[in-house]
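The chains carry the letters A, B and C, assigned in the order they are written, with residues numbered from 1 in each.
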Amino acid sequence: MSKRIADALFEAAYLSLITLFIAFSVIPVLVALVLSFDARGFMGPFPPTQFSLRWYERFLADDYYHAGLATSLIVATVATLIATLAGTLAAIALSRATFRGRAALQAALLSPLVVPNVVLGFGMLVFAARLGIVDGMTRLIMGHVLITFPYVMRTTAASLVGIRASYYEAALSLGAQPWKALVQVTLPLARTGILAGATFGFVTSFDDVGVSLFLTDAFTYTLPVAILAQMRANLDLTIAALSVIFVVATVLLIVLLDRLAGLDAIVGRGVYGR
Amino acid sequence: MLWPALVIMAPLLLGPLLALLHESLKPYVGGRIGGDDAGALTLANYAEIAAPEYVRYFLDTFRVGLISSGLALVLGFPMAHFIVRRASPPVRRLLIGGLVGTLFLSLIVRVYAISMTFGPLGPLSGFSRLLGIASNSPDGAELMVVLGLMNTTLPLVALTLIGTLQNINPRLEEAAMSLGAPRWKTFFLVTVMMCLPGILSAGITAYAFCISNLVVPMLVGRGFILFVSNLIYARFSEVANFPGGAALSIAMMVISVGLFYGLLHLVRSTWQEAGK
Amino acid sequence: MSMAVLELQNITKRFGSAAAVDDVSFEVQRGEILALLGPSGCGKTTTLRMIAGFEWPDEGRIFIGGDDMELRQPYERNVGLVFQDYALFPHMSVAQNIAFGMKNRGVKRAEIGRRVAEALEQVQLPGMESRRPSALSGGQQQRVALARALVTRPDIMLLDEPLSNLDAKLRLQLRREIRTILGTFGCTSIIVTHDQEEAMGLADRIVLMNKGRIEQIDTPHALYQTPRTLFAADFIGHANWIGGMLSRRGGEAGVVKTALGEIPVMSGDLGDGPATLCIRPERLSLLDAAARPDTALDAVVERHDLTGADLRIWSRLADGTLVQSLEKNVGRHLPEPGTAVRLGFRMADCVVLPGRRPQA
């Protein structure tokens, strides 16, 4: 009987932790959603008493944000393309490699994941200055390739683990040259992983603050840097409106990713997954 | 196939590192941007970091990071367990979609939403009072930083642990229960113990993310809580002390890379030996 | 001018300091089906991978159709490979899988379509062109893999454990089908297997391997009937063992001194020294009073195992050795456990092998 009581208590604790998790993840987003429709021109107590679209209108009218968004999209797209190309090839090469120092090379290529972004950004700033690069866009792309590359390579490498070596060997034994076997067999089989990796890379780049803060110039700044500057300047609710736009964009991205690759494919099913 | 990566990444990895190393050894002259190129190289910038007022920032970073990643594990593991073992396929899909979505959602947006929710005018401003913490005190700021960091690492931890749990045979849990262990005992003695290497790895990764954070302390630390990242940024943006910032950067990089790979190695070697 | 399609000359392959394949030589004749048989780790798969070009020998040479394969990449060898896991490309249809090799070898479009249909016909999967491999059963996947390799008209087919991923019943059926399909194409083939029944049922000749070396190359019949080493006798089928010392008596005749007395044997070209007698269970029979075999041994029946058509009788000899004999289950009354019996065999039915078996 005492086992039953202990189990009931355990079940209650288990379910409350899950509820807490969901509440903690969802409530702030809902609060931002509600606040973005606040009609008041100042920070008042929650909930707002009147609603309007004024913050959305202000965002749509503000060129400051538009310029940031454009820069962010360009930087993220270019950096992701470069990182995906190099990262996918590197992941495939490393998955087959047997040379000494393979693990060390892999760790080195993944190292930007563990180094604080601020350090990477500051280092890139000093490095670019030494090279005489003062153009914001070039500096930003350099920095963003550095931080997106590991995401692409890691995700692609993980998806390659599930692809048996015999597929590649079968293609060779059927007369395909190595590059043909790669293009016709390995890459199509890894496409989910490559797509997931590229998405992670893009999001990482688009969301970055630590690296970008150092590399922007007066005319070229990314959207997060623009938001940050506004946030510290004044607590207006345009950012709440912007947050809602971000949430909508993210939901669309997830739905798209689920359609293209399947979310399960990204998380993986593991040995005993259902 | 390796060469595109090497050609692109080698300069991007090594260039900044060497540039920072060199910069950190230059003497700092107040009032100018960048170190004094003419001066003799010096270790003075590193000696400065060792001063007690700087060590405090390092300690704050590591302490708050530890609390946040620990709490993220406590919340993240049951969620991962629920998704892998109990959720029906549509619920599983919804929850995983939510986790990936939270992971993808802009960090600034998430921190902003947290500050709006738990801040003085927010609907959950009572949360800090519940814990007996005044919201405008240093402890209140620390609470906000912890909440912000947790929110950033939770989806990461949960998604990593889903991977871990999927590789644990559910028959082991059934075996424990058929041998008379109640659910709670099975959960802690079989499930958690089997997942321990994965839990620790997820925790180490979350910790690495926490201690490198810039945005959370910047936005909700209110000056009471500043991480080393904030200090480095201040060196750049406020006083233009490049050599000092470079020395801090090198120190932070050595510590976080060393901590990450050191702890990971410890976890792996411990479990490999136990497996033999 | 030899008729050999494939020739291996003194092939050696080392992984680290251990030789996975040690001085292996054999030939395969046109149209022949050869089995590489042995326990896991005997070097058979490594040998196959060297023929396909995925591993390179440290010493020795490989000839296919008279051409030296040294420095030839896998895609430059005209070899058809059927993988243990089939390795059907999951992102391609059955037809695309089968067409893959022909496209790489420059076969014309129209010709490809015709040959795909023809190949599916031959493996009894007509009309399956647009299916995905994941929509096929294990046996069907196996046949598509066969068709994919055969359709390029390779000089030689290599099959790596072709039946190991199937259940027992299907295995028997597919064994027959593979034999028929390979026969239809008249294809020279090598089958790697650890299953002696599979090797005996499929192959014209068997190369028996152990620890990287060849133990014996023979027809299935000869390998069972006249094994030349203890390993060969032990690996193929069941056997009874009696250890002793061989001494020659002039000509082919000899005698093995054992704990059970002297047993006359045909010693062949074997020299004096430690030797072991191998007698297959079906050649060891329960004797009635009138029987006059070359050798008769006293024994006590210990138990019976009924396997259906046969009865396996376990008896203990005077020196404590447990032996088995096989009797047809024809309704005859058999001695109960505990009964003293005589067991006998003909000289021609026992094989003398050099060396002693380690005590089990």
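Criterion: contacts are C-beta pairs under 8 Å (C-beta built on N, C-alpha and C of every residue); 3 or more make two chains touch, one makes a residue touch a chain.
From a predicted model like this one, the values you see are computed outputs, not experimental measurements.
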Inset, instruction - Work out the mean Cα position per chain and let me know which chain is farthest from chain C. - result: B
Inset, instruction - When you average C-alpha coordinates per chain, which one falls nearest the overall C-alpha average? Tell me, please. - result: A
Inset, instruction - Going by the contact definition up top, give me the pair of chains with the most C-beta pairs touching. - result: A-B
Legend entry - Between chain C and chain A, distance of the C-alpha-averaged centres to the nearest whole Å: 55
Inset, instruction - Please compute the C-alpha centroid of chain B, do the same for chain C, then give the distance between them in whole Å. - result: 59
Inset, instruction - Would you kindly tell me how far, in whole Å, the mean C-alpha position of chain B lies from that of chain A? - result: 16
Inset, instruction - Indicate the residues of chain A shared as contacts by at least two other chains. - result: none
Inset, instruction - Quick one: which residues in chain C touch 2 or more of the other chains? - result: none
Inset, instruction - Using the touch rule from the top, collect the residues of chain A that touch chain B in their complex. - result: 3-4, 6-7, 9-11, 14, 17-18, 20-21, 24-25, 27-29, 31-32, 35, 43-47, 82, 85-87, 89-90, 92-94, 97, 107-109, 111-120, 122-127, 129-131, 142, 145-146, 149, 153, 199, 203, 206-207, 209-210, 213-214, 224, 227-228, 231-232, 239-240, 242-243, 246-247, 250-251, 253-255, 257-258, 263-264, 266-274
Legend entry - Footprint of chain C on chain A - complex, ascending: 164, 166-167, 169-178, 180-181, 184-185, 188-189
Inset, instruction - Provide the residue numbers of chain C that touch chain A in the complex, in ascending order. - result: 52-54, 73-75, 77, 79-81, 83-85, 87, 89-91, 100-101, 104-105, 148-149, 152
Inset, instruction - Enumerate the contact residues on chain B facing chain A in the complex. - result: 1-2, 4-5, 8-9, 12-13, 15-20, 23, 34, 74-76, 78-79, 82, 84, 89, 93, 96-98, 100-110, 112-114, 116-118, 121-124, 147, 150-151, 154-155, 158-159, 162-163, 165-170, 182-184, 187, 208, 211-212, 214-215, 218-219, 228-229, 232-233, 236-237, 242, 245-246, 249, 252-253, 256-257, 260-261
